[in-house]
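Next come two complexes built around chain A: one with chain B, the other with chain C.
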Partner chain A sequence: MKSLAKKQNNKLITSIAVAAILLLLPIILSVTGNSYSILVLGFIIIYIIAVSGLDVNFGYCGQISMGHAAYYCIGAYGSVMLHHYFGIPVIITMILASILAAVLGAIVAFPASKLVFHFLSLSTIAFAEIVYTLVLNSPGKITGNAVGMFTDPINIFGYTLRSNTAFYYFGLVVCAVFLLVKWFLVKSKIGRAWIAIRENEDAAEGMGVNVVKYKVMAFAFSAFYTGFAGAMYAHLVNYIGPDTFTMKQSVMFITMMLFGGTGSILGPIIGSMFILLMTESLRVLEQYQMLVFGVILLAVVLAFPGGILGVVKDVIKKIKLKKGGVKNVVRN
Partner chain B sequence: MLLEIKNLCLSFGGLKATNDVSIAMEEGKVYALIGPNGAGKTTFFNLISGVYKPDSGTITFDGQRLDGKRPYQVNEAGIARTYQVINLFKKMTVLDNVKVGMHTKLKSGFIQSMFHTKSQQAEEAAIIDKAMDLLAFVGLKNHMNDLAGDLSYGQQRLLEIVRAMASEPKLILLDEPAAGMNSTEKVELNVLIRKILARGITVLLVEHDMKLVMNIADHIFVLNHGQKLAEGSPLEIQNNPKVIEAYLGGGAKK
Partner chain C sequence: MLFQVIVSGFVIGCVYGLIALGYSLIYKASGLMNFAQGDVLTLGCFLGYTFYTLLGLPYWLSLIITAAIAFFFGMGEERFIIRKLQNKNVLTVYVVLATISIQYILQNSIQAIWGPNMLSYPRVFPWNNVTIFGVNIQTESVFCIIMSFILMMLLQVFMNHTKFGTAMRASALDAKAAKACGINPSFATGVTWGIAAALAATAGILLGPIYGVFIMLGQTIGRKGFAAAIMGGYGNVIGAIVGGVLLGLIETMSAAYWSSTYKDMIAYGLLLIFLYVKPTGIFNEKALNR
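Then we have the complex of A and B:
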């Protein structure tokens, strides 16, 4: 009992420390005169949300999506266009656009739920291409086609998030909420059903899980996250164009997810941070980005399928095993 | 009648895998389905559990028509099953495997789960006790935090059975539960099936181990070439010349 209290105490101290660092980060960065870094932090948050969504679909439910850029795109363009054409306040358009992404995700998922792995990945790529092509060649140029669209910053009840620092704090709160909801869901009946489907679809159905319904649910939920991330991106950068929403974006999401570790809360956080910082620091190699991603993906799949998180878990497990008995090994 | 199957037929191309089979089962008994290899036993199981849709015929369970229903709906109606090949969720813990088995009994939906409401928390806390109780029933309580894939073969078979029991079924279908078990484990299985029955769950099992079947079944159905060859008590089946012929081949006739 004593050790349990101590453990909880340690957890509390760690969370307070992490929270303090996250809150103070922009101040530290602005003192050192590195304001661009705050923008990068904003991007990291956006990617964490997008990749966390993708992870629900792949890591938990076992459905691959090679075209999540489509939902990122729908979230971004949806929010910007709703604001631009109908004058709806930006924060509401972000939610509406994410719901739209979720609905389209569900529509794609319904027939796709009957497909096995490689056919599913093909159909998701096809959907992403359709969305990209529509944005690039929209009827009446409502998306601005190749020219793109200018966007307004996020406005919450009259307060406009003009600075990157303001966006960072907004993103931090949103990200915390999204991660918490994901945590609640994956630990519930819903999450167990998703994992059961990933592990053994026939047995899941035999245990009373409506497999099609839960697959569609995972897909829609995942699309909502990625859609919201897209909307956040659109209102952060002041301009969106179709080039952001190509296959390259989908591959980036997948690389981040696999690199960090699938089927977890921490994995997408680690993966997004690492891959984004890497691409930012390797700007010179931008034209080789896909090549770098390809190499990383291969390395992960072949050498450490659990991602960075899997490697860390293995190391901790080994240390604990050495220390004392199998019984103390904490899973998950 | 708990389960009443009338004139059930299913063909795969030209092969009549299940041909005009009718059976009826009462509550509170152990039934066994036997037959030579390829007789269509597993196909028949898959028809009851909704994996296959019958071409014709009816399945009535507890006053409810089940033919054409999907497997998850059959489970909801109160029929749970195990599989011939172990079909556990290998990377989930033993406890979580049982919790998945309780899926249909949990009332919390997406919204309650998403916001982690009080009622959802209470429900989650309550099922842990129930799951532990079930695991204790087959002696797997000490393994509840192990991954299902790490259990021994015999333990995995037991977990399959409790996972099926977790949905509180009225009828449990056991597809070759003794396959791969040693003689001690088979004796334990015999006891376990009696205990399942004592919990008010009717049992239908497919099994090749005749000693086990003759020992435990109240009533036996014999399938051959997709048709029902005979049915009756173990004693009647043992002395049925048609059954002996099917098992030993026509040459055994004197």
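Then we have the complex of A and C:
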């Protein structure tokens, strides 16, 4: 019992320390003159939300989607267009657009629920390409086509998030809420059903899990997360153009998810941070950025096919083996 | 007008067919999808341009050299990347990600080597047009269609009537049983990937004189090739060709008589409709639950 109390104490101390660092980070960065880094932090938060959504779909329910850029796009354009044409306040449009993304996700997932891996990924790619073509060549130019659209920052009850620092704090709260919801969700009956489907679809069906219903739910939740992230992106940079929503974006999400580790809360956080910081640091290479990115991606896939979290887990296992023998590992 | 539309539909349709053929071969041999196929087409186009225009080799020779290089590229891709990953028993999504990263590497190295500008092929044949039924058609288009059909025919003969082709089909069906018969299944799989890459590169060098040489040439074609493969029945060799030609015709017809901006959407729409309604394709290929 004593050790349990100590463990909980330790956990409390770590979480307080993490929270303090997260809250103080923009202040530290602005004092040291790295204001661009605060924008990068905002992007990291956006990606964490989007990738967490994708992880609900793939990591828990086992359904691949290679077209999540479509929901990112629907969230972004939906929010911007609702604000632009109907004058609805931004924070409400963000939620409405994410709901729209979720509904479309469900509509796509319903007939796709019987498809297996490769063919599911093809259908999601096709959907994403259709959304991209529609945004690029919209009837009556309502999306601004290739020119894109300008928009306003987020406004919460009269307070406008003009600076990147303000956005960072807003994003931190939103991100915490989204991660908490995800945590409760995967621990609930729904999450158990998802995991059952991931492990063995036939067995899940045999146990009375409504496979189609839960697959559609996973897609809808996932699309909601990614859609909201898209809306956040739109109102952070205050401009959207179709180039952001190509298949490259979907591949970016998948890469982040796989590198952090799937089926966990922490995985998408680590993956998003790692991959985004990497692409940011490769920016100095300009036109060779994607080339180097591809080479690194390939090398990492070949060397550590389990993602970063997999490597860390392996290392921890090895250390424990050395320290306490087999018993310790088994107990953990 | 109609006849010219049909011919250009056949040209792009044959290219889709060659790409889809590669997809089918790879899917049968390894149970995988290769997203780099379209960019091998681009590579073939640029290599052919280099041999033919910059080095001044004859067209037929540059075609053969390009196909040979692509063949070894495909074999190497399978041998050093795909096989390594499959031996590690990783999730399929990592293999897919590996082919996507190969796609990035190809696309960006082509840009680094040849530059971002569009290049134009000089004429391949001394005469500009051939007249069929009183209509003038670009010679290269006719050549592209004829060559594609010859290639498909050769592949059929190779797969069904030669010893090595039979060995390839056997190892695709059951690697263990093939091994027991003295076939080397890993070599056969490698050759399959090589043939798929060579087909794509040849499609590139055939398409170059008609569409021009640019970096994004293969990406969309590669992605739409999936639609062709699905339409014919994924994994079916004849289905790939029929699906490709059908897709090319539908796309060109709709671009000519309806709207060219939504041309791409038609291919993806067809892909979705087929996947949802008839995932086994026109030829009812039952490879889906692999």
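Basically, the second predicted complex is superposed on the first by the 299 of 332 C-alpha atoms of A that agree within 3 Å, B and C clash if a C-alpha of one lies under 4 Å from a C-alpha of the other, contacts with A are read in each partner's own complex, and residues count from 1 in each chain.
Keep in mind that, in the parts below, contacts are C-beta pairs under 8 Å (C-beta built on N, C-alpha and C of every residue); 3 or more make two chains touch, one makes a residue touch a chain.
Just so we're clear, the structure is a prediction, and the values are computed from it rather than from any experiment.
Student: Of the partners chain B and chain C, which touch A:L54 in the superposed model: first, second, both, neither?
Tutor: In the superposition, A:L54 contacts neither chain B nor chain C.
Student: Output check: A:I125 vs chain B and chain C. Expected answer is one of first, second, both, neither. What do you get?
Tutor: Once the two structures are laid over each other on A, A:I125 reaches chain C alone.
Student: Which holds for A:V209: it touches chain B only (first), chain C only (second), both, or neither?
Tutor: first
Student: Which chain, chain B or chain C, is in touch with more residues of chain A?
Tutor: C
Student: Once the shared chain is lined up, is A:L179 touching chain B (first), chain C (second), both, or neither of them?
Tutor: neither
Student: Give one of first, second, both or neither to describe whether A:L297 is in contact with chain B, with chain C, with both, or with none.
Tutor: In the superposed model, A:L297 contacts chain C only, not chain B.
Student: Under the stated touch criterion, which partner chain does A:N200 make contact with: chain B (first), chain C (second), both, or neither?
Tutor: The first partner, chain B, only.
Student: For A:A109, is the partner it touches chain B (first), chain C (second), both, or none of the two (neither)?
Tutor: A:A109 sits against neither chain B nor chain C.
Student: Going by the contact rule at the top, pick out the chain B residues touching chain A in the complex.
Tutor: 49, 51, 70-72, 75-76, 80-81, 83, 87-93, 96, 99-101, 103-104, 106, 108, 110, 113-116, 120, 124, 145, 147, 163-164, 167
Student: Can you name the residues of chain A that touch chain C in the complex?
Tutor: 58, 64, 66, 111-112, 115-119, 121-123, 125-127, 129-130, 133-134, 137, 247, 251, 254-255, 258, 287-288, 290-291, 293-295, 297-298, 301-302, 305-306
Student: Provide the residue numbers of chain C that touch chain A in the complex, in ascending order.
Tutor: It comes out as residues 27, 32-33, 81, 84-85, 88, 90-94, 96-98, 100-105, 107-109, 111-112, 116, 223, 226-227, 230, 234, 261-262, 264-265, 268-269, 271-272, 275-276, 279, 288-290.
Student: How about chain A: which of its residues touch chain B in the complex?
Tutor: Where chain A meets chain B, its residues are 181, 184-185, 188-193, 195-196, 199-200, 202-211, 217, 331.
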